[in-house]
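The block underneath contains the structure these notes are about, expressed in structure tokens.
Each chain carries a letter (A, B, C and D) given by its place in the written order, and its residues are counted from 1.
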Amino acid sequence: SGGSDDSRNAGSAGADGKPRPGGTLRVGALGHASAITRDPHGTQTNESDYLVIALVFDTLTIPGAKTNTAPRLSASWESSADLKTWKFTIAEGAKFHDGSPVTAEDVVWSLKRLRNTPSGAARLPGIQAKNISAEGTGTVVVVSDYANADFPLMTRFASFVLKKDTEDSAIEKAPGTGPFKLDWYRNGNARLVRNDDWYGPAVHLDAIEVTMFETPQAMANALIGGQIDLASNAGAVAARTAEAREDIQVLRRPDDMAMPIVMRTAEGSPFADERVREAMRLVVDREAMVKQVLSGYGTVANDIMGTGDPDYAGDIPQRERDVAKAKQLLRDADFDFSRTYELVTTEDIAGLADSATLFANQAGDAGIKIEVVKQESGAFWEKTWKAGDFYTTYWGTNDSVVFYASKTMVSEAGQNEAGWQDAGFDAAYREAISTDEPKRRATALTELQQIEHERSGYLLWGMADGIDLAAAKVQDLPKLAGYGRVQLEGVWLS
Amino acid sequence: MAAPGAGAATAPRRAGTTAWGVAVRVAGTVGRRVLMLVVLLALVFAAVELLPGDAASAAAERGESAADLAERRHLLGLDRPLWERFADWMTALPTGDLGTSARGQEVTELLADPLPNTLILAVSALVLTVVLSLLLGCWAATRPHRLADRLVTHTSTAAFAVPEFVVSAALLLVLSLWTGWLPAVTVTGGDGRPTTWTMLIMPVLALAIPQTGWNTRVVRGALADQAATPHVEAAHLDGLPPHQVMLRHQLPGAVPAIATGIATSTGLLFGGAVVVETLFNYPGIGAVLAGAVAARDTPLIAGVVICAGAVISLVLLAADLIRDATLGARA
Amino acid sequence: MTATVPVAAGRPPRGRRTRRRPRTRTLVLAAVAALPLLLALAGPLIAPHTVDTPVTAPFATAGDGAPLGGDQLGRDVLSRVLHGGTLLVVSALVVAVVTTLTAALVGCAAVLRPRLGRVIERTADIAILLPPLLGIMLIALAWPGGGRRAVIVAAIILGTPYAIRVVAAAASPLATAGYVEAALARGESTAYVALREILPNLRATVLTLFGLRFVEAVYVISMAGFLQIGPQPPASDWSLMVRENASGILLNPWAVIAPSLAIALLAITVNLVTVSLAPDTTAKAVTRP
Amino acid sequence: MNELAPAPPTALAPEDEPRPPVITATGLAIRLPEGPILLPATSAEIRAGQVTALMGASGCGKTTLLRALVGHLPPGTAVDGELDVLGRTPHHLPAAELRALRRTTVAYVGQDPGSALNPRMTARRLVAELATDPSAANVLGLLAECRLPVDSRITDRRPTALSGGQQRRVALARALARTPRILLLDEPTAGLDAAVRDDLARLLRDLATGRDLAVVVATHDPHLANACADRTIRLTTGPTAARAKSSTATPYTGKGVGAGAGEGIAAESIDAFFRNGRRRHPVLTGIACTATPGSAIAVIGPSGSGKTTLLRVLAGLHPTHTGRLTLDGHPLAARAQSRTREQRRRIQLVPQDPLAALNPRHTVGWQLARPLRLHPDLPKSARPDRVAELLAQVDLPAAHADRYPGELSGGQRQRVSIARALAANPDILLCDEITSALDTDTTTEIMDLLTRLRTEHGMTLIVVSHEHHLVTRYTDTTHVLEAGRITHSDPTRPKR
């Protein structure tokens, strides 16, 4: 299956007509000096690093617009009938920057290297290193431990391909296969030049200069001051500032970021009772949250994760605020109103702590006392995440309902944030991933989403738009949510 | 009677008047400063150890298991006793090796680019601070209790109270966003340095303004103390012009206190750099430090501390030598 | 013919006569200067809105209901500014008072006990090598639940050695003063000598120190607040406001300017008060024989 | 109104050629509004080429008058009458003109010139700074003129390395360097021994005649006035400083602990030194002396021989020494802090420097009352009376109890310092140049008082002084201290 030709998801050539070749695009991206990573298989907490890596190296697949997995280094893929064995065919004419062709051996070596990193199990779920092999020079075979109709989805973000047997010490200078070659890299900043030999569609830009910014604010200031042409993921406030200016375009990429509130469903938690969770979901004023926390740059959500999925169940009725009903539910569930509940949050991303604050304020209307506790990022991820009763979390890839189901909601999921165990949900999930028959799959997915909407541990009040700011001359910017924003190879300057 | 005072003008030390004596004294002073740096490092090492969490968990990502963490801990050597790690780190120091960060990079390498950048920033700010605060302080001190004096005193107090981030915000708003005179942020080139020198102006100003406030107060205070000494009063009674009284009689006595004030400022400048560099996206040590503390990256923190400590030690050393010189130890 | 020598100090020479007459001018001055301080403390009583309910759009410009516009969540900037000073003032006061008192007592004792003096000098020398902000970060991180208390403790720990040094420096010439020796020789205790003989002569130093310590405490606490150590978001705090709202500075400058001004004003105020209380050190020069 | 008392006609100035006075004061009075009078109405004329001595009891306004001449009065003082210094009135001059007057015409050397010299400049630079001709030759000439041995390296030393007498002469050279027309000196001989004093007198005479200077010397020392003054102006005491007669006051003595009993204080093989870094620099060597109750011992010797140090050793204020101290046979610790309260109360020191001896932040009354607390048997209510009594004993009005030390004259401060030592009711009183700032009458009264305490209550007196007549009149044993050793000890006069 798969292999549609929308690798250029942002491909509409714009009203101005034909793309003009040449020019240097100056991009700002967020990052911290202390977190700089050069290894494509490392943990890139810096967007700037990920951007550079994603332009220099290629993954097997990339996020797409029509189907959420689009081909890249792998031109096409197919699975066995049991949905366990997947075969990826390497794109015609794919070459490393040093001129040598990309072979299946290179890909196998790279995937195995990825699998053997500390977080490899999470990045290639269900795949063991020994089950990755080459078939000839152009095909890679991956065997999953269980049926997984959505496996190609997993190869979108980290499956960067390097030359076989690249030394760890040579990683920083290792040739990639991507649309741009590394000219220089220094402390998070880099200059990339066009790879004229790229196997993909024509690249128009001569070069891309990446500047790392510690704060979105500094990045927005740089854009306003004309020091960069594109501020990647600049945030809503910067967008509002720029809105009035004609020389700056504001790009909204919907369904970019989810900031759900997690309620622990396990026994012993105050939210173990389904009715309490329902009440919480009724108490939140979603419009107000979107307006105040996201400055309006977002959409109301319906407690289902993966809003950008083409299979998203938009027909499930939107839950509205109903304080009276919430109170009734709470009373039925013998909810302890005298207690003050701690809502733990962290300040990793803009708006997260604000959402908690505002929610606490809204919950007060139903007589629920909530105190927001802000934890330092490290402590939050170590102590609260996956363990706390009541906390905020965030996810940046929202184009797959199944992705969330597998990663965070099915009973055995490694990152089951709410400790949720629901037999009905598990069954629906299994049904969905073990078939590639569209109708069966669609029914299963709808069922899955319905259960999630009713009973899960998530309160998803809204989705933040991804917001890029760009100078007026920048054309054909990527429009996909999340990491889709790094696909800058189609951009040109007018 | 020991005079544990920065500004206490004690009897001239006459430890040595020969070249050899001077050398011994200077060596002693340097040795003492180095020893203090070592003590400080030990303290910081221990303090970082007290922090909850460690480098392994800080560098971990979502989905890592306990076994992965233990493995990472072992790789980073975090399972060895603290003193052993400290000893290793210390013994490698003289070879210029600052150890390996929690993310496995050479600390020396991590600091190679940011440190010079921060030094450029801090030194420019320090020079500006010294010049401005001496001028303002002396100017105010020659007009005691007049409007100019009060104005300088209160303005400098306010300037000091207003932290760098407020000054930065104001500068940014006025000099860049509204007028467009200066680049809003620093953009670095392939050589790791800011591409134009104009990018330095705002960060330097943001650092220098609060410190100038503090040092103007110090200078003004030290000069007021000196003004109360009988020999300055006598100089006035001898009919010397005010600038001459200031330069020959008042200022030399105030130098030790001023020098200590400036040394303190150096520490504050490093702190301020953390904020200012973030706001102006300046590629310096401040950003590295902030990240290192968040990540409990002991070797990296220690690396930054030793750099900052060494610079402050140098300033203090200069202060020591100036104090000796003005007290006439070599007379 | 009677001529009066102008009072160089701008206020009557201190002494018996001025002591008896209430120092009206100083009192009035202090009262006026203390007004913003009181406002910071009493602000919550007169704030029009609560600090946590949005009343307008995020970063809305000044207008209906919100005289200084809205902050990043659309909460009333004016109310938050009025609320945001109390804790800052109280924390800074605590830091300044504790630091100054400790410094005054230990500093005086240090000059009477040279060994203690040397220990303190060394400690201060080491403390001075650690950039204060780094110290605060370490202490605050070592005590994660500490919040504001951690910052206060850190500010005290980091500020005291230097403050002691300043007092000791000012006190060291007094240790050999005739009256101190006379007091020691007639059998007074160290505490008495430190408190009643040395300290009164350091009034100017100690008051100035207090003023500067307060300002420094405001600086350090707001710096910590800016770095998200100490006061935590839903709370309104001037430094926090500056940080939170910095991104919207072009949308509603007041959200940043108002708390910044408040911080600056507070510092000037406290300084005015201490300056008006501190005796004029230059006045003593003229009463020499 | 004060009288102009013409000096004995020893003056060399020719009487037949009257020159206009350089300074004229007519009914000049200085007071604080609603406060005490600092200088009662005074008229005087001062002429060039003459040395004018300004004399009068302690606290009569000598220092105040000199300050008025350089336009340097305490802030807030009111000035009545006329003052004309070469056609100008100093306290009315704008800052710039006043500065020019001080720079070129009127040179003032204060009572304590040592601390008025910048400790960071060498003697040579100090003089050159003010010299109208700053050439090396001229500067050395000036220093030589002030009797400093210029051929030694002394001119390259900083003030801290100079003795008190040398400092005084550098200050004088600094004053002369700007070729002034008027030279004002305040108590130039306080604390100096006779030889230095005579030297100075000759120098002043030479300067007045040789340079045609108007020299004004404020002093309480009749010898100096006799030796060099052409004219003497006597200031009478103002009404507020009216003398309290001390003869009526009976000293309070408490229980008279240890009076007449015991063996007194004894020192054995005392070696005292100063530490300078690691090096020791000895001041006293092998000192042995005993003072039995009721005795009076004088310690004399040249300046810098260690007299003050010896007293401080006894008082426990100079702990860097070896040797044995005993009080009534019991060992006495080297540090005052290590002695018992009673021991500390029994030994009292009146220090040499009256300025530093009193805490500027406490009133005279407070400072006198404090030692009274050490008497367990003196009721609290009796303390104010006792304070008044102590003030009367040293010839000060009771109203001075309300004053701060800064509001007293040099001599008044010295007397308060004595009163404070007496307040502790000591058995041993250590007196370090306690009369250096006092006029003859006051000196006599104080010394008589101390003698009475000695004879009636067995108080031991150890006196350091330069004034030979005092030593011979009031003590019975003299120790001569030279370079840290007692070279000889003589009975001053037969024991009573």
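By our rule, contacts are C-beta pairs under 8 Å (C-beta built on N, C-alpha and C of every residue); 3 or more make two chains touch, one makes a residue touch a chain.
Small disclaimer: the values here were computed from a predicted structure and weren't measured.
K.L.:
Sort the other chains by how far their Cα centres are from that of chain C and give me the top one.
P.N.:
A
K.L.:
Let me have the rounded angstrom distance from the C-alpha centre of chain C over to the C-alpha centre of chain D, please.
P.N.:
43
K.L.:
With centres defined as the mean C-alpha position, give me the chain B-chain D separation in Å.
P.N.:
That gives a centre separation of 48 Å.
K.L.:
How many angstrom between the C-alpha centroids of chain B and chain A?
P.N.:
One centre to the other, that is 42 Å.
K.L.:
Which residues of chain D are in contact with two or more other chains?
P.N.:
72, 110, 112
K.L.:
Can you tell me which residues of chain A touch two or more of the remaining chains?
P.N.:
In chain A, residues 217, 224, 376, 379 touch at least two other chains, as defined above.
K.L.:
In chain B, which residues are in touch with two or more of the other chains?
P.N.:
Correct list: 9, 52, 172, 177, 230, 233, 279, 290, 296.
K.L.:
Let me make sure I understand the interfaces: which chain pairs count as touching?
P.N.:
A-B, A-C, B-C, B-D, C-D
K.L.:
Quick check on the complex: what are the chain D residues that touch chain B?
P.N.:
Going by the criterion above, the answer is residues 70, 72, 98-104, 107-108, 110, 112, 115-122, 129-130, 156-158, 160-161, 174-175, 178, 276-277.
K.L.:
Where on chain B is chain D touching in the complex?
P.N.:
Within the complex, chain B touches chain D at residues 9, 11-15, 229-231, 233-235, 237-241, 244, 248-249, 252-253, 326-328, 331.
K.L.:
Across the complex, what residues on chain C touch chain A?
P.N.:
52-54, 57-59, 72-74, 141, 144, 228, 232-234, 246-248, 250-251
K.L.:
For a test of understanding, state which residues of chain B touch chain A in their complex under the given definition.
P.N.:
Per the touch definition, chain B meets chain A at residues 52-53, 57-64, 68, 71-72, 103, 113-114, 172, 176-177, 180, 183-185, 187-188, 190-192, 277-281, 283, 287-288, 290-292, 294-297, 300.
K.L.:
Tell me, which parts of chain C touch chain B in their complex?
P.N.:
Checking each residue of chain C against chain B gives 8-10, 110-111, 114, 117-118, 120-122, 125-126, 128-134, 137-139, 141-142, 144, 162, 165-166, 168-173, 175-176, 208, 211-212, 215-216, 218-219, 222-223, 226-227, 239, 242-243, 246, 249-250, 253, 256, 260, 263-268, 271-272, 275, 280-282, 284-286, 288.
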